[in-house]
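One structure, as structure tokens, below. Some questions next.
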Amino acid sequence: MKTLKIGLIGTGFMGKAHAIAFNAASSVFELPAKPVCELLADVDLVTAESRARAWGFARATDDWRTLVEDSDVDVVDICAPNFLHKEMALAAIAAGKHVYAEKPLALSTADAEEMVVAAEKAGVKTLVGFNYIRNSATQLARQIVASGEIGELIHFRGRHNEDYLLDPQKPHDWHTQRATAGAGALGDVGSHILNMAEFLTGQRITEVCGQLQTVIPTRLKADGSGMAAVENDDQAQAMLRFDQGLIGNIETSRVAAGRKMGLAYTLTGTKGAIVFDQERMSELQLYRHGDAHGRRGFTTLLAGPEHPDYAAFSPAPGHGLGYNDQKIIEVRDLVEGIINHRPLYPDFREAARVNRLIDAIETSDQTGQWVTVP
Amino acid sequence: MKTLKIGLIGTGFMGKAHAIAFNAASSVFELPAKPVCELLADVDLVTAESRARAWGFARATDDWRTLVEDSDVDVVDICAPNFLHKEMALAAIAAGKHVYAEKPLALSTADAEEMVVAAEKAGVKTLVGFNYIRNSATQLARQIVASGEIGELIHFRGRHNEDYLLDPQKPHDWHTQRATAGAGALGDVGSHILNMAEFLTGQRITEVCGQLQTVIPTRLKADGSGMAAVENDDQAQAMLRFDQGLIGNIETSRVAAGRKMGLAYTLTGTKGAIVFDQERMSELQLYRHGDAHGRRGFTTLLAGPEHPDYAAFSPAPGHGLGYNDQKIIEVRDLVEGIINHRPLYPDFREAARVNRLIDAIETSDQTGQWVTVP
Amino acid sequence: MKTLKIGLIGTGFMGKAHAIAFNAASSVFELPAKPVCELLADVDLVTAESRARAWGFARATDDWRTLVEDSDVDVVDICAPNFLHKEMALAAIAAGKHVYAEKPLALSTADAEEMVVAAEKAGVKTLVGFNYIRNSATQLARQIVASGEIGELIHFRGRHNEDYLLDPQKPHDWHTQRATAGAGALGDVGSHILNMAEFLTGQRITEVCGQLQTVIPTRLKADGSGMAAVENDDQAQAMLRFDQGLIGNIETSRVAAGRKMGLAYTLTGTKGAIVFDQERMSELQLYRHGDAHGRRGFTTLLAGPEHPDYAAFSPAPGHGLGYNDQKIIEVRDLVEGIINHRPLYPDFREAARVNRLIDAIETSDQTGQWVTVP
Amino acid sequence: MKTLKIGLIGTGFMGKAHAIAFNAASSVFELPAKPVCELLADVDLVTAESRARAWGFARATDDWRTLVEDSDVDVVDICAPNFLHKEMALAAIAAGKHVYAEKPLALSTADAEEMVVAAEKAGVKTLVGFNYIRNSATQLARQIVASGEIGELIHFRGRHNEDYLLDPQKPHDWHTQRATAGAGALGDVGSHILNMAEFLTGQRITEVCGQLQTVIPTRLKADGSGMAAVENDDQAQAMLRFDQGLIGNIETSRVAAGRKMGLAYTLTGTKGAIVFDQERMSELQLYRHGDAHGRRGFTTLLAGPEHPDYAAFSPAPGHGLGYNDQKIIEVRDLVEGIINHRPLYPDFREAARVNRLIDAIETSDQTGQWVTVP
């Protein structure tokens, strides 16, 4: 059996999620190659070594530059903080590696586009971790839209709201600084809903009109030496126009009390509608206007083996996928795309679009006008 | 016992709802005067007389001008089509009657303001039928916000979406013509959510940025003689700024597949949040960030006797209010306001604000910019 | 227009609900006769007179015996405490009046059957207030079952749980004494679900196996003079066999923490299923196994004008019925049945069945065996 | 790092779920030993070898007897059909292996108890796969009950209903034959809810009164040679008495239209209640009667890092666990129990109790009386 050797940078939240996925993927799916945990990097060597043992990596290092150039690494997987993505990716590309990176791809459109150019020139495969689009129920939503089952789309409503920075006592950290995070909620979680808006509708957003707000203007510095200004948005919203006439809106927040995984969308078409909430990630609500008089209503579809990618996890319907299962599907796509030389979605080019959308919304916030997405 | 004699114009959907409310109100609430069904007007005399008998009106007429001048009528209640509101209200005011009218108050801000001036000059009481603000759960939401229980508001999301014109076979009628309806979805159902945005938050909307769309551009003329252009919006959306820093957004539609009574809102504050959906009108979801670690979540409050105006309908919690019960509360407010010389809310002045908000959203749609609400 | 003159006994929770319904019914429905509030009785004359004025009753009395014999009363409506039902009903029947009574009909099967015999001998009409069966969504459930849309029924699950006696500080009152209440939760709220089990399925319960429990064994006497033993059940459950092979179960409680109007049922058939919860009284969940592969799920039907009796309240779907609307439908049935000489359901005979079912469950609890319902 | 070598028998639904869990467990949890996929058995060698490669097993065999005696196997994991559990387990125990087996442990209480005796005599560890008790939300329910947060339990309602045999065209197979399945729905899925009833309440079921029904009496033989009688129950229900006074009931079905993973329970206490539905496996509804007046209602707790075992999967709340994650927790318990010499729950002794409960319910169905659980 072929193998695909992984070099993973980062042992935090996302590093662990990726490690779980690499370990589980070939028992879930029939893969054309086995992902092999080859090398794990963390700035702290003790952590790198201990996580490597637990997660099944053959080797560990405290130097990510060593990792990207390691001859036994086929894919560099970047789960380091956002502000490091660019440097790491460019180095990996320069070394001829395929790159799998967490979102947002970069802190700015310029950075993202530099990465796109480098990757395309080098001919390496790239994949960015917008994992929620791989959830079975969301893939089903995409199928239903694409098939015309709910007619022509006339409205898209999306949000990705969480409350992880609601507490004003939470200190100033990388999230709240421009240099390390770029945009705030809009970049961190808003990037998911912007990508998803295009994924679900199969249309491109052409114009945006947006509004950003920093709700908690200052936070205590991490070293306790006083307050510092928060440099990016706590919440944002935008109206959208798509290239086929569809309109819609998105919201995003990191201070939305009560929302823990508040990614949700409503797709309204001329013949029906779809409603989804990631907090109930294995349910899709479907309304079809053509149903019999007196029997029209939203039907709760529980993800099951007849829906995309579910059967690999369980032959029995309604048993439920979890967050990490989305990453397993993502790894399947990574492996298949690389081994079978197929395009990966969303690659760096697609992820750079998300940066352009974020930029356009920020520009619109400043000008008070609609902005055309380049 | 005192009485308050009602002259009702219109026997359609809303005329009937008002009649039910007048008949039931004094058995539900302890009223300072008994509303008496005195005179009923409909353009068709047979209908007027038959409905008068059924609904307990003493007399009937096919001439609304007779009604507004009838010396035995204390309150003129206007449930006629929207384009007639202005003429009827001005005549009633001229005759010194209190006026109770359905929403939207007028087809334009200019008309609405003419009506405000006339009513205030004459010193009559006015009340406009934005009935959803009287629902017990929504009154509770207002209480919670006003008390500071969820902190300072930072975001308002509202929608009033229905699908009554989703079917493209539905003919061109008064809804779809500018001269008879004014704005489309925005005027018909959007007016509810605009009024409610200010009611719930206790803040004024100062700026809007909106977008309107006619989804079905032409419809068959009622006489079957060909197609005619739809003259107003099928769906609309807007971003909002309020006078105390709050931001938010609204959506409205008459072609939103699957939504039957799709008025819904989310109020997010610095210490909690409220979620409500009129399709489950006796439930309010409340999140409080101060709840114990591991026990935070949205609590479903079922309307009960400890909540505003519920106990008059039932001493037992969770038994459920219905649509018409909102109108009974509205009639209670009408009677108490008139008899006890208290301000009524929303009166013509308040309802004219809704017209101004609609105008501002339409202007913004045309200019592509934020518009300050006059 | 014909009239039907009502003599109402009782001004408490149910007396008021009936008064609201009498006042509203002819504006909601086209009735063959107008219910007229003629005479109101309460043990306290001041209360009787004050409620009569508010509720539109022509006259008041503090003597129910006067009421039942009043020549201007056509229907005696009994909303007095349960232990008085029998005496009042027998007197009304003796006076040749139709009788409309709240549930449970009587404290024992023997009493109930004496009332049945008297009413049938006298040829008067009777109706007992099991109002939840008149809710539009529940009527729809009955229609769906009867039409075979979910196939042949194979299982019924029902419950009517509330928590009005959960607080152990609530004193010993009529609810908790055998002489005034008969059975406890089983009689008070369990009677609803037993009646509904037969209404929904269209089948007769032939055998029961039940279990009762008094959770709070003693309560403080109302006069504070010490504790007294609770004499009936706080909660009960039973398994059921129906005459066409169906099996099922019911639960009932007055100490079920969190349940306010906890009447709920699941009807499972060979081709589908129905789920209903009275706390969301305008929703019915319908599953049809014949729906397309990958599109099977429970559909939330919002009560609308295409469903039984909804259109009289509103022409627009999803606007919601309330608790009192069920009583308005009940009054419509009362008036139509009497004026048009049609059978009323559930009449005394049907209500006496509920007493027999309660008795059978109590017997089963004592013997530890299945009991055949006489 | 220590290892624990696994010999897995079976490559079907459950075999695969176990394989996923073995592969993922040490990247999710900090384990005291790494589970190593050593040997995989399937009756078909080609299948065994192909699955072994995909799932990371070092070796494959078509002879389970070889596997149980393999000196490099520490734990025998039995995911073979139910009727083989006994023979395999006894052989594994005889070989001194720890045994991890799927439920139901055995087809009869006698068989189960033979297995218990053998295991305890041999001093090997045993664990049976009642995985739903390991779900974070359900562990939280157990915590809440045990802490007294909802007071003393007064009622337990549980069900495990599915519809996998609803279609009467599904052929007669091992599920429907006594010799291969033992009890029907009651054994297959009912076993989960019986185990869970005792797990959640911390009490023992002492008496049962049950009822079984075969809804589809005959099915086509697998070879198409005619119809054969279904030999066990399609649905069952029972009332329960627990050793500390609690009462309750359970339902189970394999023909319950619409239910895909219909394990659900309600725990009612003197101070609150818990409601759970496995189809929304990351949510727990909690009601506390001590909450403020007007603020009492069921709170939806989304599983998060403050709840049992969630944080290992994600540091962020609301992200959702899936079916296979329960098995990962189960594997963690298996490894920790064996390596740290701690008791495992539920072991063979505990699982044999479930067989006794099933037997008692079947006996009660035959006698029509309450049966004391031995």
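Per-chain residue numbering starts at 1, and chain names A, B, C and D are given in the order in which the chains are listed.
Heads up, the rule we're going with is that contacts are C-beta pairs under 8 Å (C-beta built on N, C-alpha and C of every residue); 3 or more make two chains touch, one makes a residue touch a chain.
Here the structure is a predicted model, which means the values were calculated and not measured.
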Neighbouring chains shared between subunit A and subunit B, ordered by label: C, D
Comparison of B-D and A-D (more C-beta pairs in contact): A-D
Farthest chain relative to subunit D (centres taken as mean CA coordinates): B
Mean-CA-position distance for subunit D and subunit B (Å): 54
Computed distance of Cα centres, subunit D from subunit C, in Å: 41
Intercentroid distance (Cα basis), subunit D paired with subunit A, Å: 35
Multi-partner residues of subunit B (each touching 2 or more other chains): 259, 296-298, 302, 304
Footprint of subunit D on subunit B - complex, ascending: 140, 286, 291, 293-302, 304, 306-307
Subunit A partner contacts - residues on subunit B that touch it in the complex: 150-151, 154-155, 157, 163, 166-168, 209, 211, 213, 215, 235, 237-239, 241, 247, 249, 251, 253, 255-259, 268-273, 275, 287, 289, 296-298, 368-370
Residues of subunit B touching subunit C in the complex: 1, 13, 16-17, 19-20, 23-24, 26-28, 30-31, 53-56, 162, 164, 259-262, 278-283, 302, 304, 313-325
